[in-house]
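Shared between the two complexes below is subunit A, which pairs with subunit B and subunit C, respectively.
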Partner chain A sequence: MNHEYTEPSQDRQQWLSLMAKTPLEDLKDQWTHCLKTTQLIPENIEQYAQAIRPIQTGLVQVRGRMGGNGNRFNVGDMTVTRAAINCEGFQGFGYIAGRSKTHANLIALLDALLQNPQYQVVLQSSLLTPLADLRHKVLQTNVEKTAETRVEFFTVVRGED
Partner chain B sequence: MTTDNNESEDTYLYAGFSDPVTEAQSVFRKMLKAMSEPGNVQFIKNGPTLSNLGSAAFSTLLTLADNETPLWLSPAFNDELTRRNLAFHCGSSLVEQSKDAAFILAEGTTTLLPEECNQGDPAWPDTSATVLLQVDAINPSNDQGQTLTLKGPGIQTSRTLTVQGLAPQWLTWLQQRHLSFPLGLDLILVSDAQMTALPRSVLVTLLDSDSDGQSNEKEFQTCTLR
Partner chain C sequence: MYVAVKGGEKAIDAAHRLLAETRRGDLSVPSLSVSQIKEQLPFAVDRVMTEGNIYDRELAALAIKQSAGDMVEAIFLLRAYRTTLPRFQSSDPVNTSEMSISRRISAIYKDLPGGQQLGSTFDYTHRLLDFALMAEEQSGESDVMNSDPTAVVSHFDNVQQDTSVTSLDEEHEVCPKVMALLENEGLMRRELDDNSTVTDISRDPVSYPCDRSARLQSLVRADEGFLLSLGYSTQRGYGRNHPFSGEIRTGNVSVSIVPEELGFAIDIGEIELTECEMVTGFDVQDDAAKDNNKPSDAQFTRGYGLVFGAAERKAMAIALVDRALQCNDYGESPDSPAQQEEFVLSHCDNVEAAGFLSHLKLPHYVDFQSELELLRNLRNKSRSESQSKSRNEGTEKQP
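Up next, the complex of A and B:
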């Protein structure tokens, strides 16, 4: 390959990851809320977006390494849906686990909007921050629930000398 | 719709097929027709275009090229926009040497020599390259261009094809390539929405050249029968 590849910014990786891990319902709710409260982004913004490639669902082979540094092995196949759109000169991509085309398309749209300096600040504060809080809460609840059932193992050292 | 915000023009991604499966099948069917009846001109209307590539050229690549077919671009097509879009839509790796490519994309007046493309090897003649040449016009309404007489499998008697803007080294090579049969290149000629094919099985003579088509044909038969 001799075509240039530019590393996506840390921010972009983070928001793509966050939106992909947020359940569709939560993402939709927050997005509608954001549209209503901020009044900056036109409500029909979706109509300005064109697909670069139709939304596709397919399989991705997941590979792993034992302990993170062993030999590579195939863990299995994973269903992935992807979308790519143009919106006002910005290109947005959405990749999610599963087969929800709406979810992938919404992420692609938001990714394009988030790259637009005109909307970025507003979206960061009224969409990404609440979503990050929500995600943090979910993870926190998981940790607490797991902690309740935690079992401590003790090993009695035998004296053999 | 503006295209000049933070993505510069030359890295912009354009839409490919809107319905990849159906459109690729339809284009493939047309290519099959053009290949099996050499010189038959097919039209790919309303297909996507890209930079210097017409709808026939871009559609052909969208249909045939993928991550298993190394692609070589002539300097006329080798710009950032084309590279990025072909990488996105086809996933083909681009090669520096035309010998390594399964697909060659060049303009008709290219300085590329047919000998610089992979013609296959005697054990595996099918491993040769397919050459896509974008010429100025196919069967133009004006009287310009070079008229070729085609004979061979898929043509009942003979057929003529007029091509405008095909480099002399390719015209010369076309008339002699039956000598190395079954090795050779399969040629796809495109111009805007038009597409036609000259597979290696077709015998080409220039209409106004001095060479005798009859004697060529005899040579060709001995080559194929051997």
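Up next, the complex of A and C:
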């Protein structure tokens, strides 16, 4: 059984991005929690997954734009790790910034499971939603901390006129 | 001519053992961990990432530890490591207008949409040594200023949460760009994307004259000190371009790529960037002037700097030098060092510069022998000439 993806999935785009931006520890914790509480996905599910290609660390050339929106230019590289697995006929891919093979591999596994209609609903509610909440909280904290440094400058008139 | 030298293996090994000792320092002081460097020397990490030209905080911290704090050496280590990794692809251009801001200031408008946020900055500090930091270290206390870390967390537990995954797109307030305010009034030259090809100086060596994409890429990896001095020289009148800091912002941006096997864009993570937009002296657009002798409108020009991490000084220096190097576009004669493309770009890389400087420490015995011989011959020649001359003079005086 092999399921080809026919059109770019907005959901898939979202979950791959969310999981890549979630720190590995948080992702692992939530995944373990999800396995224990839902009892739907076998705990040894990883054993059913085969690597499509070896996990690999390499570089992605980061591009910027002159003045923020003009012509493109190369800023520099960043380390990126990618994994590709097949699990029960679904192909999963994991791409993350950095060099954590565990992180990339876990995302690839979860990407495959998330495409599986059998698990999708459960994973959406017990994995993705909590992760999105967590990320929202972290971002909020940063916003609030920075907002405390918001400054109002006053110009003071000097001289007689 | 190069002549090989042999030997010295034992001495070199011993020297490297000594280096390891120097790096470790006094054994009674606990060893510094890579994660401590990563967390507690973030600005050193930022500089090494920017000039080493790889965004990876952990690798940069490791390089700093290995080089015992010699920054140019650490940058060299990271550049060398870079050559061992395959490059998968290029990212989509990062969108700095969607940055989640941790610092944002402008020196040209005091009231801005989105406001000015100082973030964490050395600005407005008194630059007095803080002996309290030393005292804390001695007493083994943590130097975290917030005594009640839970206070912040509990406060945010009450923040209303958006639970849908789709909310990620609007995950933070977008701060509009200051330059857009001037652009919209027609007072600022717009940056346009004409789809021109992007030069990659890490693949193809720069040939002069080069385009702005090659210049900006070179300036990102350029030595901060060198750029700081060049930028300073433009402020002091060597290639004056009358700069104002239009906007400086630091924060995280998402990096997205389109993997071949997926065919659609995904975010692979976030990186911290600092961007500086300089408003520089105005110029009359030539194209407008040519049109029916209409009076042409003068517009501000601009310089741009973008770096990894919170390397603000570097971003500002890049923006100044970027503008100075645009002199030909505005009919300014390139009289000053900062305006001379080949001079700036071929001397700005500290890995190249340190490499060529270092080679002076290698044996030049044969080279130097030939110089010595030449000098001795010259001196002997001139001595014998002057002797024979004085002898001749002596014989003339005799009668």
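In the analysis below, the second predicted complex is superposed on the first by the 143 of 161 C-alpha atoms of A that agree within 3 Å, B and C clash if a C-alpha of one lies under 4 Å from a C-alpha of the other, contacts with A are read in each partner's own complex, and residues count from 1 in each chain.
Keep this in mind: a contact is a pair of C-beta atoms (placed from the backbone, for glycine too) under 8 Å apart; a residue touches a chain by one contact, two chains touch by 3 or more.
Just so we're clear, the structure is a prediction, and the values are computed from it rather than from any experiment.
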Practice item. Identify the partner contact of A:146: answer first if only subunit B is touched, second if only subunit C is, both if each is, neither if none is. Key: second
Exercise for review: Report for A:16: first if it touches subunit B alone, second if subunit C alone, otherwise both or neither.
Suggested key: second
Exercise for review: Scan A:156 for contacts with subunit B and subunit C and give back first, second, both or neither.
Suggested key: neither
**Study point:** Touching partner for A:115 - first (subunit B), second (subunit C), both, neither
**Key:** first
Practice item. Using the touch definition from the top, say if A:66 reaches subunit B (first), subunit C (second), both or neither. Key: second
Point to revise | Broader residue contact with subunit A after superposition on the shared chain, subunit B or subunit C | key: C
Check your understanding: Now for A:88: first (subunit B), second (subunit C), both, or neither, which partner does it touch?
Key -> first
Practice item. Scan A:54 for contacts with subunit B and subunit C and give back first, second, both or neither. Key: first
Check your understanding: On subunit A, what residues does subunit B touch that subunit C touches as well?
Key -> 84, 91
Practice item. Would you mind writing out the residues of subunit C in touch with subunit A in their complex? Key: 49-50, 53-56, 58-59, 82, 85-94, 96-97, 100-103, 105, 110, 115-120, 152-153, 155-156, 159, 161-168, 171-173, 177, 179, 190-194, 196, 198-202, 212-213, 216-217, 220-221, 254-257, 259, 261-271, 273, 275, 277, 302, 304, 306-308
Review point. If you look only at subunit B, which of its residues touch subunit A in the complex?
Key: 1-7, 12-16, 18-20, 80, 83-84, 87-89, 93-94, 96
**Study point:** Residues of subunit A defined as touching subunit B within the complex
**Key:** 1-4, 48, 50-54, 84, 86, 88-91, 115-117
Revision key, fill the gap. Subunit A contacts subunit C in the complex at 5, 8-9, 11-18, 20-21, 56-80, 82, 84, 91, 93, 95-99, 124, 128-129, 132-133, 135-137, 139-147, 149-155
